[in-house]
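Order as written gives the chain letters A, B, C and D; numbering starts at 1 within each chain.
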Amino acid sequence: MAENALIVGAGKGLSASLARRLAREGMNVALAARNIEKLADLAQETNARRYACDASDASSVTKLFEGVEADVGVPDLVVCNVANRYRGPIDELDPAQVRRSYEITALSAFLVAQRAAKSMLRSGHGSIFFTGATASVKALPHSVPFSMPKFAVRGLAQALARELAPRNIHVAHFIIDGGIATSWKTPGEAGPADKWLDPDAIADTYLQIHRQHRSAWTWEIELRPWTESF
Amino acid sequence: MAENALIVGAGKGLSASLARRLAREGMNVALAARNIEKLADLAQETNARRYACDASDASSVTKLFEGVEADVGVPDLVVCNVANRYRGPIDELDPAQVRRSYEITALSAFLVAQRAAKSMLRSGHGSIFFTGATASVKALPHSVPFSMPKFAVRGLAQALARELAPRNIHVAHFIIDGGIATSWKTPGEAGPADKWLDPDAIADTYLQIHRQHRSAWTWEIELRPWTESF
Amino acid sequence: MAENALIVGAGKGLSASLARRLAREGMNVALAARNIEKLADLAQETNARRYACDASDASSVTKLFEGVEADVGVPDLVVCNVANRYRGPIDELDPAQVRRSYEITALSAFLVAQRAAKSMLRSGHGSIFFTGATASVKALPHSVPFSMPKFAVRGLAQALARELAPRNIHVAHFIIDGGIATSWKTPGEAGPADKWLDPDAIADTYLQIHRQHRSAWTWEIELRPWTESF
Amino acid sequence: MAENALIVGAGKGLSASLARRLAREGMNVALAARNIEKLADLAQETNARRYACDASDASSVTKLFEGVEADVGVPDLVVCNVANRYRGPIDELDPAQVRRSYEITALSAFLVAQRAAKSMLRSGHGSIFFTGATASVKALPHSVPFSMPKFAVRGLAQALARELAPRNIHVAHFIIDGGIATSWKTPGEAGPADKWLDPDAIADTYLQIHRQHRSAWTWEIELRPWTESF
């Protein structure tokens, strides 16, 4: 039977590549975003269902999972891609925006992961993946409102990896250490210059980590272009 | 002239030891907490001023710094000790409490650090210290609501260390990797069994890091009992 | 044209799984070990060439690569699996064995990597993989003679990843964080209980990392069983 | 009774600052180096004994400790400063020099630490400190022969910290993350520009870590100038 995949925070770039890659594997793909208008073409191309969802709102996340589970069943793979990139020098930051940045990036990840875990604990298996960034492990100047929630999501992923692995749920955190080539690619289109991360290449690794045998699971993996100093 | 120290999230244990240690160095000590009734004895003993403050509220933090600066001047050292210890299995957590835990532990640290940085950037120097825990770097099962903000505070501290060091502000993150002996000690009282972290010993290290020459600053240091496996 | 893979430190367990997995991909496999008698069956099964080599001896490593390059060409993938597991309390260790442990585990890795890099810098591409262990990142009591070279190999891998990635050579370090199920499996045989790392599963990940697009390379990945606390 | 300190790999810079700082604390200082001619002035200034020792040679290290113990007693603090800085691109490195670099930097640290541990396990207490570098945790291009032993020494320090702390021996690893101002300073001389690490400031931190109460020990601490990006 086909697996079900849910991508939260879907947009162009990585999410689109993931949707295509998972659909090509025969998975039923569900796409969730605040604005699902922009996902029309991708949904058609990947035969995916779209769900409007504000992932920073608990009831919206509950409704999302109820919808997905009614339509296709419990997800076997949930990818959490939601993030906000607010930045600035410490003395110029707006506390309200710092709080909002936490809600969009970290609270969302928690809400999605919790709801996914509840369903997967019932179904007995599944993968919960988080998309991280350089700022997940290296907090640079002027990155306070971005690094704080990204560090928090890594803490979430690590705690859940330890908590859920013995219950047959594979939690993984992907550190995307570099810029993603973000042109919306149509299938067959020539790839981006490979000094940026090709989202199709990232998607390949997400799939491989999802396919790992549980005797040899990875909880964290970093990806960067061959040209990137680190 | 005497230095000014502000301890936010003051209570028994580490904060009390810090207050005593810094007062003994001749510093003017200010203690901030939501409930300042409990600080009466400590304030008298250390000749400290007390300030009622909800550190997760931006206007309360602003009022705190205005008070301290009017009373004794810009702090030379600010220690952020605020933390909430909500824990539980992922499927039993209350999202509202997870959010509140983030506000108490991480948003507070941001608000205090931002306000401290603004004043210190004007005064041209200062130290901003954060008290971390094992969960700042190692997220264990059932620790999601504690590890998320603790990881976030570490990201805050690391970003600020990089951002503010070249502006002569020393930001440091202390990983307290073990339980603190928390009996409220009166001066001269016999120490706790040293399998727990003696808060007086922790306070010594805080002071030493504050005293470091800026050509050899530390941004992170971990402390654990000699008996603690890690 | 078929790729060439060289596995140094070949034996049962992971090396055998790798040889089978790479041969199944159509690669020409070369196996190097001090004692190649024990590799007879594996070589026959995987159609691999065997090379006697003491990897801690520079001239022996040179001879190995000359042989492989004459027989099949420059390797596209070199896996360095050599390790010695000498352990003991600090006050009982024999300095001569500590030195020997370093030579077998770390100096060997350097010699193999250097020789591989020289050839790959000429051929213009390739992958150099190192098999690490828990002790590569976490040095436990009584592990001095094992952790020292394992940490050193990680330093080697990290330096080379930074140095060689921009020259189109993919260097990766695999942290095998748990025990490997080591029964010599015949093809089709039922797998080991999955509380131990299945070497076939590890081999899958090595192949996937080798196949990564260079715009999204990984330099380090850890693998552990779903049941392993970490 | 005065404490005894032994500095192995003594020279100008950090070792000289340490010798002065520890002597000022009233400690008996012993200085060990391959060439002790250059230590004449420092020895006179700090009232230190000098010992000729090749720390990469086990019998020479044994003789060193026998001498120190006969002259002043078991050291309470041993600082291992020995290091070699051989570097180069991977394809230009001389294997013999790579091996020698390991012996000078890592084998020496092991031999000194083992001998120190044996004596301290008998005396029941002591501190064993290792001087690390950026390369102890971050291996940069062309640093293979330096990063390998520096990573190894960190593994040694971490294993020993875990192994010896419960036996009342404090093992610590200092990451000196930046250049040290190395002019041989006479007491009272004006300090170096503080964009380089002032060795006197580093020495202060070594002493403070040695003085830590065992309920709150640090096993690793990094030091860098306020101006250093990291």
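Operating definition for what follows: a residue touches a chain if its C-beta (ideal position, glycine included) is under 8 Å from a C-beta of that chain, and two chains touch if they have at least 3 such contacts.
Here the structure is a predicted model, which is why all the values come from computation and not from measurement.
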Greatest separation from chain D - chain, by CA centre: A
Centre-of-Cα separation between chain C and chain A, whole angstrom: 32
Where chain B and chain C are represented by their mean Cα positions, the distance between them in whole Å: 46
Junction residues of chain D - those touching two or more other chains: 162
Pairwise touch network: line, ring, star, complete, or other: ring
Every chain pair meeting the contact rule: A-B, A-C, B-D, C-D
Chain A - residues contacting chain B, complex: 58, 89-91, 93, 95, 98-99, 102-103, 106-107, 110-111, 113-114, 117-118, 121, 135, 138-144, 147-156, 158-160, 162-164
Residues of chain C defined as touching chain A within the complex: 162, 165-166, 168, 170, 181, 191-192, 194-198, 200-202, 204-205, 208, 212-230
